[in-house]
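Consider the two complexes below, in which chain A is the common component and chain B and chain C are the respective partners.
After this line comes the complex of A and B, so read on.
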C-alpha cells in the first residue's frame, strides 16, 4: 500500500499524523483516498481548478510528479508520495 | 523597567514578526518555512512608524550592509556577520561600449566578504535571525555559493553547520565549503532534490536552515544590493538593472529594496527596469516571463551555470510578475554565450566573474542587441559570484602558453611571433 508523507505544517489537518497509508493506482486516486479521510487536506493539495496547489510540490519517491504525468502518474504498492512546501534558495 | 534594562532591551537583537505574502495572516517571529495556514511565503513586517535615518546619517555609518539596518528584519543591534556588504559599484566604460549603451556599472559582489558572492548578504541576516531564535545549528541547501557563505560565517561565529549540495558541483565550490569544517553532505541529485531534502531536514530536526525555515529573514539581506547601488550612484537610481536568476529571490528583493528607498524619499524618480538572466539549459523564469501567464513549468537543469541551476524556483512567479511590472524583461543564453560573457566581463573590466556573471553579461548583450536596453540607458549589472570558483567552465576557451626558458632571446622571439 503506498503511503503519503506530510510536512509538520499540514499535520494539524490530520490529527498530528505525518504518514498516511493510501489506496489507489495513480497519484490522484491515492490523494483522493487520503482526502476522503482528511477533507481539510484537499485545498492544500489541489487548487480550486483541480490543478496542483502552487505552494506545495508532490513527489513520487524522488521524482516531482510534474515530470512523470502529474496526478495521472502510476503508483505502486511500495511507493511513497511526499508533500513538500515549495521553498527554495540557491 | 530601569533605565539600564531599557537600554539593554533597546540593544538586544530581536527578529520582527512575519506575515504571509499570499493570505496576509500575521505570524509571530520564528523559524518558519511557510505560512501555517495556506503554505504561502512569509515576509517580515516592519513597524511603519519606526525612525528612519536620512542620507547623512546612513553615510556616516560603518561600510557594511548594516548601515541600512532599519530596513533589515530586526530591532536592536546585529551581533553576527558585521562586515558583510558594501561591495564596490564600478564604472565599466569599455563594457558599456561593447554592449552599445551609454553607461554600464558593475555591482561587484564577486569580491564580497567573506566568501566572494552575494550570498554573504543573505547569510548575514539569516545568522542574526538564528541568533535571535537561539539556534546553534545552521545549514542550507545550496548550488555552491550559499554553501560557501554559510560555512564561512558559521566557522567565524562558532556554529555547527550542515551544508547540503548536489554531488556534481564545481570542485572549487566544494573545497571552498569544506575548508571551513562544516558537516558537508553531497547528495546524489540536482539542486531541486537537495532542496526537497532540506525542507524535510528543517521540518524534522529543527535546525536553522537559512534558505528554508529562516528564509523570510534571509531574503531581506538581498535588498542591501539595491540600497548600495542607490547610495553609490549618489542617491539616485539607474535606468535598468540586470541580475541573474536561480530561485528568483534576488530580483524580487532588488525590486523591494529600490521601492523602499523611493518610499523613504532617499531617492527620487522611478524604480529601475529589472531584467532577469538565466541559461538556456535552465530558464523556467525566463519562459514564464515570455509566456506572460502565472504558471511556472519546472525544468531539469542542464547548464554549466550550476549556481543558477534551479529547475523549480520558488520565487519564480513573483520574479516574473515584478520583472514585467517594472517594464523590464528576461532572457536566456547558451553555455557558449556564458563563457563569452565571462571573458567579455574580464577583458573589459578586469573582473573575473563566475558562470552566473557570464550569464548576466551575455544576457545584457542580447537585451541591448534586441533593443530591450536602449543606447541611452544607464545599466547596472549584478555580478554575484567569483570566477575563481568556476574555472573549469572557461578552461577550454582560454589559451595557456607553453613555458619558455628564462632567456631574453625567447621573449624577443615571442614579440616577433
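After this line comes the complex of A and C, so read on.
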C-alpha cells in the first residue's frame, strides 16, 4: 500500500500522523483516499478545482509528479508520496 | 558545477599564519592549498544575517572566504537569540550588521565584511550583488526569495538556497548554468496569510543551524570545486522525526525565470510574484475595521461589555493573554460560531493582527456585523497598554 508523507506543519490536520497509508492506483486516487479520512488536508494539497498549487510540490518517491503525469501518475504499492510545500523561514 | 565556472582571480601564496589557521583544510586533498586560495579570493553575499545567515556566515568566515557581503536592515532583538548565533545578549538593540561584523572578525580577522544595511529590493539588488560569486539565500519571506532567485538567474550567479519552518528544512543550489532555479520547484509563492511566518508558526532553534551549515558547505564546494553539490536535488530535513532525504529538482522548460526567460528584469519578478501577495495582504487589512489598543483599553475601562476573542493557538494563549479574552483558535472558528452573540460587539485579536484580520472577514461573512480587529494584536497591546503581557 502506498503511503503519503507529510511535513510537520500539516500534521496538525491529521492528529499528529505524518505517514498515512493510502489506497489508489494514481496519485489523485491516493490523495482522495487520504482526504476522505482527513478532510482538513484537502485545501492544503490542491486548489478548489482539484488542480495542483504552484507552491506545493508533490513527489512520487524522488520525482516531482508534474514531470511524470501529474495527479494521473500511476502509483504502486511500494511507492511513497511526499507533500513538499514552499516554506520561507530563515 | 565546478570551481572552473566561478571567476578566476589572482591567487597569491598563503601567509604563514594562514597555513596554520587553515591546516585542517590544507591536508584535505579535495581542498588543499589551491582550494584555500580560492576561498580567500571568493566573494560570497549572504542575504539575511538571521537564523540561516548566522551559521552560514560563521562557517564561511572560519573557512577563510575572503569577502563576505551581508544584507540586513534589522536590529538584534531578544527573540532572535534562540537561533541567530551570530548575535549575543550584549548585542540586543545593535544593528545586526555591526554585531555580525564584530563576531566574524573575532573568528577570522582576515575576512573582509561588506555590510548593506538595507532591505534587498528590485531597485538595489543588482548593485548590491555586483562582483559577488555566490549568493546565499537566508531571507525570511517569499518576496525576497523570489527576488534573490531571479537576480541569480539574470546574473548567472549560483543561489545557495535554504529555508526553514517549524521542524522542516530545505536546501539546494539553484540558478547554475545547467541546473534548475527556485521557480522550477515553486512557480509562484503562496497567497499571503496561507503560510505563517516563523514568528507566528515557530521554528526549532537548532534547525537554521543545520540548514545554514548545509548552505555554507555548498558554498564552499562551489568555490573549491570539491565533491558534488545539491544542484538538481532538494535536501529535505525533518528534524522532528529525523529524516534526511534528497528529491530530484528538474529544470522546467516553461519556467518564466530560467526556461522561457519571460522575466527579464527584477521589476518583472516583483510584479509576477511578490506584488500579488502583498496586494492581497493589503486587501485583507484594508477590508477589516480595526480598533487601536489604547482605544480598546479606554472602552474596557469605561465598563463596556465587549467580547474579546483570541484566535491564536492554545500554546500561545498560555504564554500571554489579554485579561478577559477567550480562546477560539482560527482553525476552530467556523465550528464555534454558535458560541458568539450577534448582539455583542466582538474584538478579535491574534499575535500581530494577520490571523485576526482573516477571522474578522470570516465572521462578517457569517453575518456578524459588529466585529473589530485589534490593530497590531497582542504585541501592540503589550507595547501600548500593558507591558506586563509578555512578548514572544
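Going forward, the second predicted complex is superposed on the first by the 86 of 90 C-alpha atoms of A that agree within 3 Å, B and C clash if a C-alpha of one lies under 4 Å from a C-alpha of the other, contacts with A are read in each partner's own complex, and residues count from 1 in each chain.
By definition in this document, contacts are C-beta pairs under 8 Å (C-beta built on N, C-alpha and C of every residue); 3 or more make two chains touch, one makes a residue touch a chain.
What you see is a predicted model; the values in this text were computed from it and never measured.
Of the two partner chains, neither chain B nor chain C is touched by A:26. Once chain A of one complex is fitted onto chain A of the other, the partner contacts of A:9 extend to both chain B and chain C.
Residue overlap on chain A between its contacts with chain B in one complex and with chain C in the other: 7-9, 12, 53-57, 59, 62, 64, 66-67, 82, 84-90.
Across the complex, chain C is touched by residues 7-9, 12, 18, 40, 53-57, 59, 62-64, 66-67, 82, 84-90 of chain A.
Remark: chain C residues 48, 50-53, 137-142, 145, 162-168, 170, 185-190, 195, 197-198, 201, 203, 208, 234, 236, 238, 240-241, 246-250, 252, 331 touch chain A in the complex. The part of chain B that touches chain A in the complex is made up of residues 22, 33-34, 36, 38-41, 119, 122, 140-143, 145-146, 189, 191-193, 195-196, 199-200, 203, 210-212, 215, 218, 246-247, 249, 297-298, 300, 307-308, 310, 312-315, 317.
Of all residues in chain A, only 7-10, 12, 44, 53-57, 59, 62, 64, 66-67, 82, 84-90 touch chain B in the complex they form.
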